[in-house]
C-alpha cells in the first residue's frame, strides 16, 4: 500500500509539471477524453432523452384520456408534420380535416419507444454513465478514468445509438412498435413490408447493439478505475457508498448485457436473413400476407428464447436503474443529515447479494409463458429472497435520518422523497413475485404503477437530487433554491396523482396496451375505474409543465446562478469536494491522500461537524502523512 | 520505475510466471527460451492430440454403447471442456493468476451456466395440462 | 497527464489496468457467446429430429482450421515470451506467424467453407408431399428409414439446373441435375452415419432430372443459408461472429507487428503487456472455437 501511495503521488506531481496546455475546442467540448466532460455529455444527452421519452408519454396520455379526439390547438398539426401519417391520423368532420390524433399504430410506436428511451437512453446514461463518470473518479481520488480513450469511444458509441433511434422515427412506417421488450414473433414480423434494413424494428436492434457496446466498454472502464485508481489510503472500507453502487452496477451491465446483444443479433438474423430463431413452425399472422396462411419461415424457432435472453438482461437492468439512485441518495442523506450512514457494511453486503441474486430471478417476468411448477417455484423463491437486500438498503438509509440535523435543501428534499416512493414501488412488487397473483396482474396498470414508482419517483427523483447536489461542482454555480423547491413539490404531487390511481385501475384489470384507456374494450368490468384516466393524464401534463421549471433553473443557473462560496458548499466529506469547482483537467491540484471513512460527520471532539476524508487525523502533521518510498 | 525506459534489452524479471531461478543472461537466450516455452509447446501438442481424439470419438456411437441418449454430446463436451481448461490454465495463465482475476471469472461461468441450466429447466418443465399440438 | 498503473501492476491489487480490463472484457465475451450457445441449445432441442442435420460440414477442413487456430495460440505465446526475453526478431517472427494463421483461418472460412454452402441447394419436403418423392427420401418400404427406426428424411439437396428458377417466384418448379448421396441411394444404411469426408454429388443424366414442385417444399428452400433451417442460422451466426473476432485479432496483431512495434524502442515493457493482453483475447477466440468445432462439425 505504501508503495502504491508513493507511485501515485509521484505521478500526480509529474502531471502538473507538463500538463498546462489547454486542449482546443473540439478536444475540450466534443471529442473529450476527460471523464468530467464525458459525464456531462452523458448527462445532458440523457436528460434530453428523458424529456423526449416523457413527451411521447404525454401524447399517449391524450389518447388514453380522449381516444381519437384531435389534439388541442396546433399541437396535432405540429406532431403530424414531425412524425408523419404513420403515427398521426387525420380527424375529420365531414370532408374537412379538423386536426390530428395519435393513431393506434402510433400508440404502439410511442409506447415501445417511451420504454426504450427511458430505460436505455435516459436513466442508464444519466445515473450510471453520467454521474458515474463525473463523480466516481473524483470520489475515489483518481485523476481520470483508467482508459480515457475507451471512455470517449463508449460515449460516441452511445451517441451513434441515439442517432439511430431518433432516425428510426423518420423511416417508412415509423419506429419500432413491438414494445420495449421487443417480443417476437411480433418483433420478427413487424415492419417487414418496408425496406429490409431501414425500418423501425431493424433500426431498433441496430441502435441497441451500439447502445449495448457502449455500456460494455463503460462497464470495463468503471470496474478497472474503481479497483485500480483509488487514491492512497482509499481502502475498500473508506469508499463512499455511491462508488460501491457504481461498481456493482458496472458488473451487472458487464455480465447481463451480452446475452441481450446475442438475442439482438439473432433477431437481426430473423429480420434480415429470414432465419427462424424466434419463429415457431406454422405461425400465422393475419396482417402479413394472406389470412390464415403460415408465414414464409422454415420454422422450428422459439419465441420464449428471446424472453429468456431479454429478461436475463432486463432483470439485472432493474438494479442497474436503481442502484446508482440509491448510491446518490445515500451520499445526499449523509451530507444533509450531518450523520454517518447507518450500517455502511450491511449496505455494501446487501448490494453484493442483490447483484448475485439478480442474475437468477429473471423468469418471474415470464410466468405467463406456461412455466411449470418446479421452475416457477425456483424463481418465486429467489424473487422473494431478493427483496431482503433491497429492504436492508432502504432501512439503512431511513435509520440514517434518525437523530440527524436535517437540512432540507432541494437535493435533500428529492432524496428524502425517494425513500417512501421507492418503498411504495418495492413493496407493491412483492405480490407480483408470486405466480398466482402475477397471472392476474400481468400486463395491467398495476405492474406499470409498480415499476414506475421504482424508477420515476424513485430513480428519477434520485437523479434530480444528484443534479442539484453536484451541479455546483460541475459548473461552479449553485442552482436556484426557490425554483428547485417549486420543482420538487410540483413533481411530488403530480407524480403521485399520476401513478397512484394506476394501482386501482390495474387491480380492476385495466390492460396496459389499450390505446384509448379501455373505453372500447371490456367496459363492463373496468368501467368504475376508467374515470381516473382523465385525472391521471392531467397529472402527467402537469408533471411535464413542472419540469419546465427545472429546465429553466438548469440553464439560467449556468450563467446567472450564485457563484459557489467555496469548493465545498455543502460541507461534505467526500473527495470530490476537495477539488476546485469545476475541477480542472487532472482533477486534484494537490496530491490527495485519504485518512478516514467516507461519512465522518459530527465526529465528537472535532472542531467542525464534518471531517473530510483527506483531512489528516488530529495531531498528525500533514507532511509526515505522505509515506516514504517503501 | 524510471529505469524501464533506459534499458530495453534487459530481460523482465518481474513476471508472475517467471518462477525459475536461472538468470537469463544475454548469452543463454537459446536455452532459457526453450526452457520457458516448453510447457506451451506441450500444451499445444496436447490440444492437437485432443482435437484428433474429439474427431475420432464423434464417429463412435456412444448412445448405442451406453444405451442412453445424448452420450456423444456429453462426451464431446467433456473433451472440449478439458481442452478449454488447458488453454485457460496455461495459455491464459489462470493457474498462476490472482484470485482477483479468476474469482469474477468464476462468477461469470456460474451465471453463464445458470443461463443454460435455468433455460433448460424452464424448457423441460412445461405445464402439462394444457394441450401442446404435436407434429 | 499519465494514468497510473498502465504498465506496472498496482502493488496492493497486483494488477495493471490493461490486464484487468481485458479480463473483464473476456468475461463479457463469455456471456455473449453464452447467449449464442443458449440459442443453439434451444434451437437443437426444439428442432424436429428430421430437421436437425448431421454431417453437413466438411470435417477435414474444419479440423484443419482448428489446428491453425491452436497453432496461432501457441505462436502468440512464443511471440510474447520472445518479447519478454527482449528478443525483438523472434517476437516479430512469431507474431507474423500468428496473424498469418489468423488470415489463413479466415481464408478457409470465406474461401472454401461458406461458398460451399452458398452454392449447394437444399429443400425440406412438406410431410404431406413426402410420398411423391419417397424414391429420393427412402422412408417407406423394405429397408426404409422408418423400418430402421431412423427419423424420416424429408430433405433433398443437390445442384439445381438454374438458380434463377429457385429465386423467381413466378417459376413453380425447380429442376435438380445432381443430388447428394443420401438422396441417390436413400435406403442405404450407409447414409445413417456421418461421413468424415463429404461424398461427391451424384450427377443425374439428362432425362432423369429430379423435378421439385415449390408447393411441396417448406419455406426457406434454396442455398444453404440461415433461412433454410435453424442449424444453419446458428452456424452462420456463431461462426460469423467468431470470424469477426478473428478479424479483430488479426488487425490488432498487424498493428503491433507493424507501426505498433516501434514502442519497443521507448517502452518494451508496455509493448510486452500489450502483446499479452492481445494474446489473452486471441486465446478467448481459440477457446470459443474449441466448443464451436464439435457442436457444428461433429456432434
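Going by the order they are written in, the chains are A, B and C; count residues from 1 in each one.
As a convention for this text, a residue touches a chain if its C-beta (ideal position, glycine included) is under 8 Å from a C-beta of that chain, and two chains touch if they have at least 3 such contacts.
Fair warning: this is a prediction, and the values are worked out from it, not measured in the lab.
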item: From chain B, the most remote chain by mean C-alpha position; value: A
item: Selected pair, greater C-beta contact count between A-B and B-C; value: B-C
item: Mean-CA-position distance for chain C and chain A (Å); value: 38
item: Length of the line joining the C-alpha centres of chain B and chain C, rounded to whole Å; value: 20
item: Averaged-CA centre spacing for the pair chain B and chain A, given as whole angstrom; value: 37
item: For chain B, residues contacting two or more additional chains; value: 1, 100, 104, 108, 111, 115, 119, 123, 135
item: Junction residues of chain A - those touching two or more other chains; value: 7, 227, 255, 259, 304-305, 308, 312
item: Chain C, residues touching no fewer than two other chains; value: 8, 13, 15, 20, 24, 27, 31, 34-35, 38, 42, 48
item: Residues on chain C engaged by chain A in the complex (per definition of touch); value: 1-5, 8, 10-13, 15, 17, 20-21, 24-25, 27-29, 31-36, 38-39, 42-43, 46-48, 51, 124, 218-220, 225-230, 232-233, 236-237, 241
item: Contact footprint of chain C on chain B as seen in their complex; value: 1, 4-5, 8-12, 15, 18, 24, 29, 32-33, 36-37, 40-41, 43-44, 47-48, 51-52, 54-55, 58-59, 61, 72-73, 76-77, 79-80, 83-84, 87-88, 91-92, 98, 100-101, 104-105, 108-109, 111-112, 115-116, 119-120, 123, 135
item: Complex contacts: residues of chain B adjacent to chain A; value: 1, 100, 104, 107-108, 111, 114-115, 118-119, 121-123, 125-128, 130, 135
item: Footprint of chain B on chain C - complex, ascending; value: 7-8, 13-15, 19-20, 23-24, 26-27, 30-31, 34-35, 37-38, 41-42, 45, 48, 59, 63, 66-67, 70-71, 73-74, 77-78, 81-82, 84-87, 90, 193-194, 196, 264-269, 272, 279-280, 283-284, 286-287, 290-291, 293-295, 298-299
item: Interface residues, chain A side, partner chain B - complex; value: 7, 10, 227, 251, 255, 259, 281, 304-305, 308, 312, 356, 359-360, 363, 366, 369-375, 378
